[in-house]
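Note that the chains take the letters A, B, C and D in the order they are written out, and that residue 1 is the start of every chain.
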Amino acid sequence: MLDLDTIQKLFEPLLPGLMGVRLTEVAPERVVGEMQVRPDLCTAGDILHGGAYMAFADTLGAVGTIVNLAPGKRTTTTDSSTKFIAAARVNTTVVGESVALHRGRTTMVWQTSVRNAEGRLCAVVTQTQLVLDAPA
Amino acid sequence: MLDLDTIQKLFEPLLPGLMGVRLTEVAPERVVGEMQVRPDLCTAGDILHGGAYMAFADTLGAVGTIVNLAPGKRTTTTDSSTKFIAAARVNTTVVGESVALHRGRTTMVWQTSVRNAEGRLCAVVTQTQLVLDAPA
Amino acid sequence: MLDLDTIQKLFEPLLPGLMGVRLTEVAPERVVGEMQVRPDLCTAGDILHGGAYMAFADTLGAVGTIVNLAPGKRTTTTDSSTKFIAAARVNTTVVGESVALHRGRTTMVWQTSVRNAEGRLCAVVTQTQLVLDAPA
Amino acid sequence: MLDLDTIQKLFEPLLPGLMGVRLTEVAPERVVGEMQVRPDLCTAGDILHGGAYMAFADTLGAVGTIVNLAPGKRTTTTDSSTKFIAAARVNTTVVGESVALHRGRTTMVWQTSVRNAEGRLCAVVTQTQLVLDAPA
């Protein structure tokens, strides 16, 4: 299984690196990460942009899938659904916890709950990951 | 109605600015924008990160709602659903077109189609925007 | 608060009655129901039709919202997202448990997990309910 | 390709038969059907139940996929997302048009627009269909 540090390093030049996503736990049934609500991740009104929640969650759910892949397999997200519930203020930190609802041979389903600094649920993201053969 | 240049300037210090979203058309029933697939917007494999599509689309759909708001109103996204269909390669440009499926007094529904440089549909994002009273 | 028997009676002439939805628990944070997988609720292959899961779950989540409404309020579903995970065989019974992810003044978010007779998670449905003023 | 009459006959003992779904057009890129808003398909208030829209649309999108399947293949819905926009009154007829957003070898994406008797858009349902090998 890929370990947390290896994945974190892979992130650096990519979108999760740009956004400052930090993994704090990577296990086969649970992935946890955090992200600082920097001003340049916000929308008007000094609150975290809806797109930032979705990108953060998409990242955690994909990590969860990757650590469950059998050798010779790869994954792609086929869909993602988000409910937005509360706001996260600039210069605070949000925590995302992604748990596996399903880990099958063809698809996996991960659900990520993002909470603000007061522990309040801000967004719930549920995504389906398709499991495919990796190119030889 | 807020014009394109004003909105583009509002974007600069926020997530759409960080990602390089450029608006090219802003009308009450249609918003169009483009975004370069920079390496730091990608996921592994040199293709646009799923989260980047969602943040791009969320931005366009929110702009569409904002230009339709009556005075004294504001908006928030309550949900967003994305189907991922094809990939966009690094160093190409994606175009997003957001059209209004519904523009009501209480909610608006916008759907954004993101296409890659070959014109192929990569992602479809459908979002509901709640219309609320702005704080006095 | 409306009690279980009253709601069950309201169901009879409506879609939940047609489908045979039986409520087994109605509480402010949790609604549970069951439904027999009759042949006429199936799709080809003698398994529960995808639409039957969604109608079952939509019913439970709406009940959850209704029992939380303040006087003079009503509710409507603005969106619903479903992940399908496993199948339920004809002539078995499915159980749906709907829990509140959010109970606010403007919106509520309910998530329903539907399990088959072996206890396996078959579908997860997450829906947003808008809270509106009832007509005078 | 399966023709309309054959599919309509397959429906009779299943959920689409119970609900009275009538196919009016079946083509590789477009499926159209209609459904009477019977009292027993309604929710409180004499309007079509949210679950009835979803089951109706799920049916049309699945038909669209089935008529595109290569020999030896079958399909299952992996997810479905619905935005509810307007209501359809009891004893009227709704029309659903499902169009292909993507028809690939691994997945297909169909979007169904359901309109009421005045032609107003009531619900938009977008679903992903996974294409699998049929059992030998």
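Some observations on this one:
Keep this in mind: a residue touches a chain if its C-beta (ideal position, glycine included) is under 8 Å from a C-beta of that chain, and two chains touch if they have at least 3 such contacts.
Model, not experiment: these values are computed from the prediction.
The most distant chain from subunit A, with centres taken as the mean of CA atoms, is D.
The chain pair B-C and the chain pair A-C differ in C-beta contact count, and the higher one is A-C. If you average the CA atoms of subunit A and of subunit C, the two centres end up 28 Å from each other.
For this pair, subunit A with subunit B, the centres built from the Cα atoms lie 20 Å apart. Between the Cα centres of subunit B and subunit C there is a gap of 32 Å.
In subunit B, the residues that reach two or more other chains under the touch definition are 78-79, 81, 83, 107, 128. On the side of subunit C, the complex with subunit D involves touching residues 10, 13-18, 39-44, 49-52, 54-59, 62, 76-84. Within the complex, the subunit B residues that touch subunit C are 78-79, 81, 106-107, 128, 130, 132. Across the complex, subunit B meets subunit D through its residues 81, 83, 85-86, 101-102, 104, 107, 109, 111, 121, 124, 126, 128.
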